[in-house]
């Protein structure tokens, strides 16, 4: 896809930002800048693979959801042939919006303006007065416009507007090896439980992503209130450096992921059957990691992951009722709406064949903790918002943030003999993943597609 | 001279008047963030729900989800939330927002089971700090109250919002 | 012991209470897009008007035009509009907007001709799809109701808006 | 048959009804800019205050200042303001804004000194000219009325706003 | 007037758009783009002739209306000498707004800031302390600033901010020959009935203009509901290609207009006296067209016209009461407010000397059909809005709309022996006028003033 | 501080504006233009000295207020050592806002995100897990970021973000000689009474500044209503050219100030003791000016002043109760929020050791006259707003305002033998100060810092 120009002044500002980020500083203006947003729209979200939907949302022929890649409306639909396709949600005649609903099931879509009709495979099937006014239109050329690429992996539907970038497997890369920890606890796989919550915040999608990528540091402080009220299954000590919750960080393909230690015989409240099902679907190396992968040799639990650019997943549990730990898994997308502004789309994922009661308990634990009303999420919103607010100001935008956590012993953190793919680190308390995220982000803005992102070199603080 | 008023007219009126007063007092507690006093109005068997709304094809089900909610609370989770607000680490609301509840179109009726069903319209506004743009929500409340003589207790509240994606940065308040 | 209430106090109160209820029920029908039921509240001799407002020189006439309207309906045109909404091709409202009517400051009085004059304030909000910006209108309603015993019927409605240029993409609803 | 209504229930109700009516009539006068008639509702010993609001550290005092106000009026300064509006040179309001007062959650009670204390919620909207963006204020009114039998007079009004910095270009109106 | 610069990237985008438009495609981004809006403000609306008012709105000395050309406030006023003048609505001292009202009658305007006064001919007539502080100011130089050009034609008041462009007659050109069909049904001419309705829509003024210029195609589909409820005086067949409603399209001067066939003895419900009055005011060629101009030799009725850039007129009728067809005529201006946003200003025009009852019936038919609450207009709003919404998005903006309707037989449609001025076409189902409109629009944005706009060359689809 | 680029087109527009301003014309677009606002943020408010607070607002150790320089949040705090400091209100870790309150007293500030803590002197005093994750962070380098410069003069706290510009004394210059007239009426100096009123207006900060700098012309007309209701202590004749209220204008350092004549034995309602206190704190030349400085040899009263860029002060009185003149002094800052938009922050200043009753009377007189509900202020808002509204429009922005008041006898107005510093003029009815203000403003936008601003040369009108 064509790209708009970038003027010299802006390129200089971004290059300067790159140097700073490599050195352990982030200029605050990048979180709220109209030029940055423009480039993100035009160079990043048009060329990266972006999460669109989960296949469980599309159970039947004609099942569809309408989702957005940045500001572009996309129709995701299962055709009568059972295949899931993705299209621009726009009539090919004069460009009117084709589908006005968030979700539903339709076998044909009739444009409200001149009544052209398209079927659930995107084919143009009716053009009024075709013979009389078009002399027989070229219907094949005027079907709905598919995204350049789309793919389903372990239930997740991704799309990409650029035909020239590598495919989804190359994009996700080593992360595909880890994803089963989230998706294979049930034979039927995961399902989205109900519609996503959605809300709008004056904060940038990058700051939210960074938080989910590698901000173990904020948990015991920003979220102290949920420890106080007895919601979380950790002690502040667990969440401190060296604690069981902060053991492993892995960089794998387009993703970062965090593993926590789990005491033998526990699995964040998931029932033993699920762990058995999971184990039976893994290969030997994956099982080893599951059962003995922690630094101390205990088992592990994949607590969260983030897929570049804007998809995060959180898998944890809460004590809501009667002393039982109820696990929940929330997928969330940080959709940019403008400079320093995003829509959060937060899904609950549950094991599809779990009993209804399990799902409802999971829902309650999730709602109390995360999502629009979640007690932890509430506090994050305010922190992210004020950072982005400062980023817009002439003085605050020039402030360099400090991201040199553990950069003085970065090399020591790498686990040399890590059995899985990607690179594993012996702590979640370090800023390197945030730097890596931003360098990858810059590689899109400064032109290269998925260019090799060198890890930053640092000097000790 | 007093015209002949039927008993049920008087009773309905008295009920509606008491309910209206209850709602206004409730709004005051929420606005003033007197959450402990508000908590005292909640029944032990409370169900408090704010369903997620979607835009659906007409005829393909209710836009208000029965699967996913913004709030789906019982008495115990409510207490957790209030404990948090009353604690010292609820940063999201420090300093507190200014929330205001314009409750109107209140209509109450006593149900056969003795509980009181109430339908009302809610216009909710919120301002934070020195912002000039309001966060605003609109919708209707469907409440069930238990008559305690002196006052009521809230047994069930379902708030049906007009909003699909919420214009509020978070829901660090109650509706 | 009951203090001496004068007859007219009771009557006024009863009237206002019934009118208030009528308005709240009406708002519910409009919000729920139950237009056929709403239509049943309209009198055969209905006049329903929303005049265009201009900003004029003080002293040079009313800002509410007597020549041009946003609505100037009789029973027959109302039926046409409702037929359209109830039909299958009213694309403008598919999916439907979420309209909400906050009716307040209701004051009713029985006129010498037996009809009931009502003045009220209207705050109207509308949300569509996943938008976060409300379309909002404010104004006052001047209504005339005919008392049908059990209920009322709407004989005349004039909505005087505060808005000169409307912030609503269309008026695919009633006020 | 009429159930036994206690005297105080009736009295409270009558008072609240009269107060409500007073407020609605008052809102009409302000909306219609009939300031001289509104002035007639003001007591000679009027205190009319709208304190400035700040965002303060919880526990370090009331956010509503006792030192600085947006309005701090007595009967005489009110007259000056009204004289100005009724004169020919109040350019700020020529042409006049369209102000609207949505007064709700009205609760009145007679105080031991015979005066009537009223608490209500206020949603104030203002439109000027052909603008489509509303200026909006929200807050609560704490009023004290003196019962004059036929009507009331306003002895004290304190409007506690939610707004710290006002989104209104000026306060060329009353709250 | 001076023009701001246009950078190379933008010029390239517009040139690319031009090529596409000539080829039968419209890139959707042109309907919602900040750069396009900027150029429209600075290069188009400053140089085109724009409709301002109708002289019937200014009945007396001192009668005025305040209107806008794009975002510029203009005072249109009849002076004490009876002449209608147009001025910037701005005090020449420090630039405060002079007149705060939409309409009224005033003989002098006193600025609120320092009390300079101007009369109804725009002359500066009072300057406080003139001698003391200015030593006798040059009042002649400081009168209100008139628009560079203004003119009244058949009751319509137009203004133009550019002194260097050709006058109104050259601008409207051949259209002046057709305009009497709308204006001469009554000896007293037309009058505006009441104030205009005004409302704001998130849609571009161009898409609305195109709809009124040449979108017969949408009528039977987008507006099906008004056929369903029995409002319109056509059958779907009439509105189909070849139907009586879709006979003739004429391009004449700055305008496009559409003629429909009328059965002998009918005239869209206008009373016979009006047709007689009309006929008596026309020359022979005009009468021939009126009575026999349709393709089948029947009479014609001018159903709509559009004057570049943003004035449309619709003349039609509706069955509202008791089976009678009530005609109405609505003039509407699509005023740009920003990218993808406009104010619609919709007037009802009636024959000035018609009986009051005729006018009121006309009003009712108009209100039910068009205008802010009109049943047809409601649907258009949504279609236009979604097109412009897509235009703003990074994916949707790149979609090329398809405007090749009947371009495969464009030459055949031209009526070679057309008796009137301009070019006539034998159908209203074709996209050529939309292409022509956009090429004219581009000629302003790309600099040339009223440059000869070549009709697009096409290849068959 | 670094500055963003300014393109050639914008520089040309500003240079053209400069020529016009020197010649006595102001192009209206400068009051509502996005490029101008951008430069004001980046080149002016980062380099000028800007008012922040009054020391009376910071009575104790740990007393703080949060204020803004344009859009940058600044924490002004009195440290435990008694010193007043100014800092960016931003955590040095990830940039979250540090203090969320307008005012208060705190000895330490704990960031909500990761709990770094700073004391009331801006020092970083706590970093959780410092040893574990940073290996002992460089706390000295990560304290709160102070403004490059800040200073307190006669109670007023100023700050400046640019370390390279001259200090406050050089900046204020000769104005410091006049400031005591406002600050020394009481031994205890001035104090701010209560919090400031704040409100937002769609008008530019420059137009408001110009009004307070030198617009005596609008007073009798725009504010006629407050004469009508008997509020002001002047007659229209006093306010006319040559009247006692309009005698002297002085340009001194970064300020303009206006002196009015006071009849012997009066001082705008201030009690005689205050005048005595004032006199006792002045040097001989200052006393002479106080007692005999008016053109007629009467005493003077400093009625208003404006300090570049956006601080104005108004000192006057009103008849509110029982025929007594109550004086009040209002300081107001015009804070830019965006193109054509500002926040007004209006303070009441009173003599700190005056009796409570004096302060309350002063408050009432102030509230009725100025501030958010003030009867005079109301009218100014509308005038300023409409000017800025016109400035944004394509036609109105091109209108040149006329600022040649008394430029035909400018030389005559200069008081050659003026005893005080700066330049004094024998009238307040002239536009030269407005021209001077705008040329100084342009000198920042066009690069030079506090470049010598030549007074404009004019030709007679």
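Which chain is which? They are A, B, C, D, E and F, in the order written, and residues in each are numbered from 1.
Note that in this section contacts are C-beta pairs under 8 Å (C-beta built on N, C-alpha and C of every residue); 3 or more make two chains touch, one makes a residue touch a chain.
Just so it is clear, the structure is predicted and the values come from calculations on it, not from any experiment.
A.B. asks: Same residues or different residues: which describes how chain E and chain F meet, taking over half shared numbers as same?
C.D. replies: different
A.B. asks: Looking only at C-beta pairs in contact, point me to the busier pair out of A-C and C-D.
C.D. replies: Between A-C and C-D, the larger count of C-beta pairs in contact belongs to C-D.
A.B. asks: What is the distance in Å between the mean C-alpha positions of chain A and chain B?
C.D. replies: From the centre of chain A to the centre of chain B is 34 Å.
A.B. asks: Express in whole angstrom the distance between the two chain centres, defined as the mean CA positions of chain A and chain D.
C.D. replies: That gives a centre separation of 50 Å.
A.B. asks: What are the residue numbers in chain B that touch two or more other chains?
C.D. replies: Residues 2, 5, 55-57, 91, 94-95, 102, 104, 123, 129-130, 132, 164-167.
A.B. asks: Considering chain F alone, which of its residues make contact with at least two other chains?
C.D. replies: Touching at least two other chains: 100-102, 112, 198, 200, 222, 379, 382-383.
A.B. asks: Which chains are in touch, pair by pair?
C.D. replies: Here the touching pairs of chains are A-B, A-C, A-E, A-F, B-C, B-D, B-F, C-D, C-E, D-E, D-F, E-F.
A.B. asks: Report the residues of chain A in contact with chain B in the complex, numbered from low to high.
C.D. replies: Residues of chain A touching chain B: 100-106, 193-203, 222, 224-226, 228-231, 320-321, 343, 348, 363-364, 367-368, 371-373, 375, 377-379, 381-383, 385.
A.B. asks: In their complex, what parts of chain F are in touch with chain B?
C.D. replies: Going by the criterion above, the answer is residues 100-102, 112, 198, 200.
A.B. asks: State the interface residues of chain C toward chain D in the complex, per the touch definition above.
C.D. replies: Its residues touching chain D are 1-3, 5, 9, 13, 55-58, 102, 104-107, 119, 121, 123, 136, 138-140, 162-167.
A.B. asks: Applying the document's contact rule, which stretches of chain D touch chain F when the two form their complex?
C.D. replies: Answer in residue numbers: 50, 52, 54-57, 60, 65-74, 76-77, 80-81, 83-84, 87, 89-93, 164-172.
A.B. asks: For the complex, which residues does chain C have touching chain B?
C.D. replies: It comes out as residues 2, 5-7, 10-11, 14, 17, 21, 23-25, 27-28, 31, 94-96, 98, 100-104, 123, 125, 127, 129-130, 132, 134.
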